[in-house]
Amino acid sequence: MIDKIINTCVLGASGYTGADFIRLAARHPHVHISALTAHSHAGREMAEVFPHLATLDLPRLTTLDEVDFSGIDAVVCGLPHGTTQKIIAGLPDSVKIIDMSADFRLRDTQVYEQTYGKPHQASELQKSAVYGLTELNRADIKNTRLVACPGCYPTAVLLALSPLLGNKVILADDIIIDAKSGITGAGRGLKQNTLFSEAGEGLSAYGVAVHRHSPEIEQELTKAGGHDVVANFTPHLVPMSRGELVTCHVKLAHGTSADDLRQSLAEHYYGEPFMHILAPNTYPATQHVRGSNQCHIGVFADRIPGRAIVIAAIDNLVKGSAGQALQNFNVMFEIEETTGLEQLPIFP
Amino acid sequence: MIDKIINTCVLGASGYTGADFIRLAARHPHVHISALTAHSHAGREMAEVFPHLATLDLPRLTTLDEVDFSGIDAVVCGLPHGTTQKIIAGLPDSVKIIDMSADFRLRDTQVYEQTYGKPHQASELQKSAVYGLTELNRADIKNTRLVACPGCYPTAVLLALSPLLGNKVILADDIIIDAKSGITGAGRGLKQNTLFSEAGEGLSAYGVAVHRHSPEIEQELTKAGGHDVVANFTPHLVPMSRGELVTCHVKLAHGTSADDLRQSLAEHYYGEPFMHILAPNTYPATQHVRGSNQCHIGVFADRIPGRAIVIAAIDNLVKGSAGQALQNFNVMFEIEETTGLEQLPIFP
Amino acid sequence: MIDKIINTCVLGASGYTGADFIRLAARHPHVHISALTAHSHAGREMAEVFPHLATLDLPRLTTLDEVDFSGIDAVVCGLPHGTTQKIIAGLPDSVKIIDMSADFRLRDTQVYEQTYGKPHQASELQKSAVYGLTELNRADIKNTRLVACPGCYPTAVLLALSPLLGNKVILADDIIIDAKSGITGAGRGLKQNTLFSEAGEGLSAYGVAVHRHSPEIEQELTKAGGHDVVANFTPHLVPMSRGELVTCHVKLAHGTSADDLRQSLAEHYYGEPFMHILAPNTYPATQHVRGSNQCHIGVFADRIPGRAIVIAAIDNLVKGSAGQALQNFNVMFEIEETTGLEQLPIFP
Amino acid sequence: MIDKIINTCVLGASGYTGADFIRLAARHPHVHISALTAHSHAGREMAEVFPHLATLDLPRLTTLDEVDFSGIDAVVCGLPHGTTQKIIAGLPDSVKIIDMSADFRLRDTQVYEQTYGKPHQASELQKSAVYGLTELNRADIKNTRLVACPGCYPTAVLLALSPLLGNKVILADDIIIDAKSGITGAGRGLKQNTLFSEAGEGLSAYGVAVHRHSPEIEQELTKAGGHDVVANFTPHLVPMSRGELVTCHVKLAHGTSADDLRQSLAEHYYGEPFMHILAPNTYPATQHVRGSNQCHIGVFADRIPGRAIVIAAIDNLVKGSAGQALQNFNVMFEIEETTGLEQLPIFP
């Protein structure tokens, strides 16, 4: 295994998740970056598009059409939803696919169509996709060819709540997920509301009840809980670049306490290298996971009897996207799971 | 009334709320700032302590003992809780008091003692204090000598929820208040967690279930709803200086909708100069009220049937403290209520 | 004068300088905002484009063509350079024009063409334009019909250096202007480098030697000094929304000291309401002028004998643009110069 | 060499530079962290003091007295200046010392006393100290027992200017260093001016002509240039946590151009793993080196004939302190110099 080299192509290398995958993969001993695509930047060097990667020796950016997939072992996709379904469906069987986009996350392609506004173009392939939340789905990820990496919000929410629903220590009704994300969550596209002068020194909610991560969260909470879950999901845009905090307000199952929840999570994640269940009265903070693949979770009793608050913090670009993609990559290629992901959080 | 001049003393002029009161009052045609106290800065000029006020002609900072209250009409108190109860109790009857501290907010002095950790030292005076949420309590404020201005969080929460509870369009149980504040909410004292390098580019919750604003919120929601309310209150620290957003997750009363809630608030606040109920699908944002006394409220349907989300945005130092203090000052001295508070939000 | 009302049209109301002019003018007792134009937003309400102004009763945004200039007394232009020269040239003589764009700042239309890349389209009108740095040019502003308000950087630089050159206490050679601006200086247009995630938590220089404010600075320094000045101008982009600091490294004239410079400025600006020359060892800071029309200047001795450092701080959108425009407006219409500009800096 | 383990003690582990050294060293295959001291936090776990390091298995914090230096190979000191001179002087000869404090940087202990306000307490030891700017002093660092790591500002300035002075392509007079630093440069101590609400959304200069890094810069520029250098040094505090940019305004030697300077630097640093000389018209930006040990340098022609601008960007905590300390550590212990420092910049 020492000299195993995986030839890897990154689709969408001019976006934040693509670039963060490259940042991590460039120091991974078994990854060779063989091709990089970026539609509107084809022909340019990565150094021009992402100067922080200028010291790397990377292939020039190309269009999708220019990629020769014959020598490629792995495709990592960081493109906007809906743009690569056909291409991915047409890849040789020998290529493993780690998709960071939303294309294969929703099992029901009708829900996909309702959520993303157009019919799914690779519904057959969808059936073989595995939902790539590594800690909760490791065995299936290992044996699949196509991993649909979760959205950043679902990653944090499901890491916090799925084991609790599975263990029946919380109830499935009235789950309130008050979520907060840094601005990179909106991507590198040009939008007025993500300009520094618009988003800085300010805070607002957005996408209440209609955010595209809602069906994804509900799909997986339903799976964990064993019956249909409809959950509140209220995201907010926070003036920071990286980081995501989900504050989940839940009902305790009869006879359980916040301490039981914490204990349940600690047991569930025992031995997991990236999961850190915090001691009582200790608050997760996004600045304490920044740049790393870690997820910190804290549990708190509520003033309202019978309720608790479960809070999870991740870096939305790492554990919420590129880091988890690399973690899945390691699982799929039978490489030690922490390889390339050893970086500690960078604070301050 | 044109030449009415109110001689005003500000206690605690070296804190953020004291300074912001001065910023506003300095342009108020009926306020004369006669004395400024600041314990540890006594003897210094305001220009040294707050260089942004250097162009004003202000009295030198003094100790409390140095103030001659005989010519003072109004005392505005921006001191930490518990430090002025005796002094305020000893002021001449002719002085009106606008207290921005927490000292007289809780009607039950036993709750005060539990919350603030020491016995109340002016429990007789407490009985005559009026809770100074102007829009909800204007008549009483007009006729009192002592106004206890609400905390910043309670201001936003109560403006959003009290009329809805009063009108019985929402239920009093299971109220989840997920709140977010800028760093000025923690004051100007030196604390590690409010250093730029600790708070910047990060987000965390704090004080879950034990924050001192909880009893205050519950006291007033109980009053509005007519029976005991215990509410979830989960504050978060956001990397911005000013601004506060409260995201209130509530249950709809039988037969009501999110639209009904919006309509109820719009009717309740009709004609109020600082209240702005937003159109459907419009999100309150702290950057759109910054520096002003405005409160923006939006109402949203939840994915969970029978629930809604009510979101309010204020500037924590203005409507959440110094601005509301000046608004109460105007009411108490029978001055046009918007005087000195006409400043529009400053954006970006 | 009490009931003098100036019917005012703002061109380019969807940009930051246009909006900030409206923020200030809306509270100005003699301004009536009669028309607002915004090419790509025509037909919309200001509340949609700038929600912080939603509580104002403003005319709907229109195209330029829709404006009836017959009842207009003043036009304030906040459009990108080059887009209104012909329109302004065609306005009735009765209309006074305060131009916040760069169109009429450069007296030599050949320099204009070199700098802005296209021929000037109103070169006759240019001859009558007055450079609108109020403190240095008040008499001419009072008697003109067309004021070209300075760029934000030139405002700060010239307020700091012009009187010193005029008084011959500094030399005209080797002037190094190391300038720093908040992100609003780049406007509201969509550019990748002004996204929150690109500009936040970072710092870089830009436009070294080629920035369009260089010829403007040199034109006015030349005028102040009496002979040709070529100056270094090195702007930097700082992760804050508002604020501009220019650090000017200059050579002392023979026999003068940093203290002489400070004294010279203090005398020159004596009685000026917006100019504040700081005491020795006191540093100007952009956060201490934020939101106000003030300019703070500090002077410091250098370690290198015969040199000094002159530092000026302004709010780039106020004194650097919209505030100075309103100040010029007041001068042109013989209104008390501070009217509408009394707002104190907002800190924190 | 594969199994070489260096037992390392970090003095001052509760400060930012100490913590950042641990962040890097924890992933270094040859470092074993044997002891951590932190005066006021003795007895506590690092997880309490720096929660981002909570997943590491680190020794408990102790006082200096509790450290048994007998098994220690290396001491890395991150303490405030003046606090460890005696202790370091008393360490066994077998211990190598990498000092990130200012204690041994100034060769002339009289200059030290003038600069730091107290006599040097280990002036004999000072004579054997090597100034630890790795790229400029590698040979001496390899053969010494005590390395005085440069200050963050001197690191950036000297990397930019020393080779140019040495190659005589710039002149030694009238060097203007306009420097900008993120807030971590002020350390973790509690100071009002580094509170989020004071430093955020603002910018100011500080320490003009008297900053303690001035004598250090002049000492090393003098060494590089071969005769006495007195330089302007004007630092500014920028609202970001990490990052440092120095904008050096210099005079070209007769007959040289900005392009010659760029070429000279490129040749000087050829093969250096952390030095990156940018192409013409490319601007260094602190966000493109964040979290890494890289230094990016750009050179620009000035509008003033005969002058140029040399700009360098580093992460003040990494190349400006902890990273360079680890780089020196590697040199001293004959380990591949990039070990533990491979992390790419983290952007955004």
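Note that the chains are named A, B, C and D in the order they appear, and that numbering of residues resets to 1 at the start of each chain.
FYI, a residue touches a chain if its C-beta (ideal position, glycine included) is under 8 Å from a C-beta of that chain, and two chains touch if they have at least 3 such contacts.
Since the model is a prediction, treat every value here as computed from it, not as a measurement.
Chemist: Would you mind checking the shortest number of contact hops between chain A and chain C?
Modeler: Steps on the shortest route: 1.
Chemist: When contacts are scored as defined above, which chain pair ends up with more C-beta pairs, B-C or B-D?
Modeler: Result: the pair with more contacts is B-C.
Chemist: Taking each chain's centre as the mean of its CA atoms, how far is chain B from chain C in angstrom?
Modeler: The answer is 36 Å.
Chemist: Counting only Cα atoms for the centres, state how far chain A is from chain B in Å.
Modeler: Using C-alpha averages as centres, the distance is 39 Å.
Chemist: Measuring from the mean C-alpha position of chain B to the mean C-alpha position of chain D, what distance in angstrom results?
Modeler: About 45 Å separates the centre of chain B from that of chain D.
Chemist: Which chain D residues sit where two or more other chains touch them?
Modeler: 16, 182, 184, 197-198, 200-201, 239-242, 285, 287-288, 290, 348
Chemist: Along chain B, where are the residues that touch chain D in the complex?
Modeler: 16, 182-184, 188, 190-192, 194-201, 239-241
Chemist: What residues of chain D sit close enough to touch chain C in their complex?
Modeler: For this pair, the touching residues of chain D are 174, 176, 178, 180, 182, 197-198, 200-206, 208-209, 214, 230-234, 236, 238-243, 245, 247, 249, 283-288, 290, 300-305, 307, 309, 311, 313, 348.
Chemist: Given the complex with chain B, which residues does chain C contribute to the contact?
Modeler: These residues of chain C touch chain B: 16, 19, 23, 26-27, 50-56, 184, 200-201, 241-242, 276, 282, 285, 287-292, 294, 342-348.
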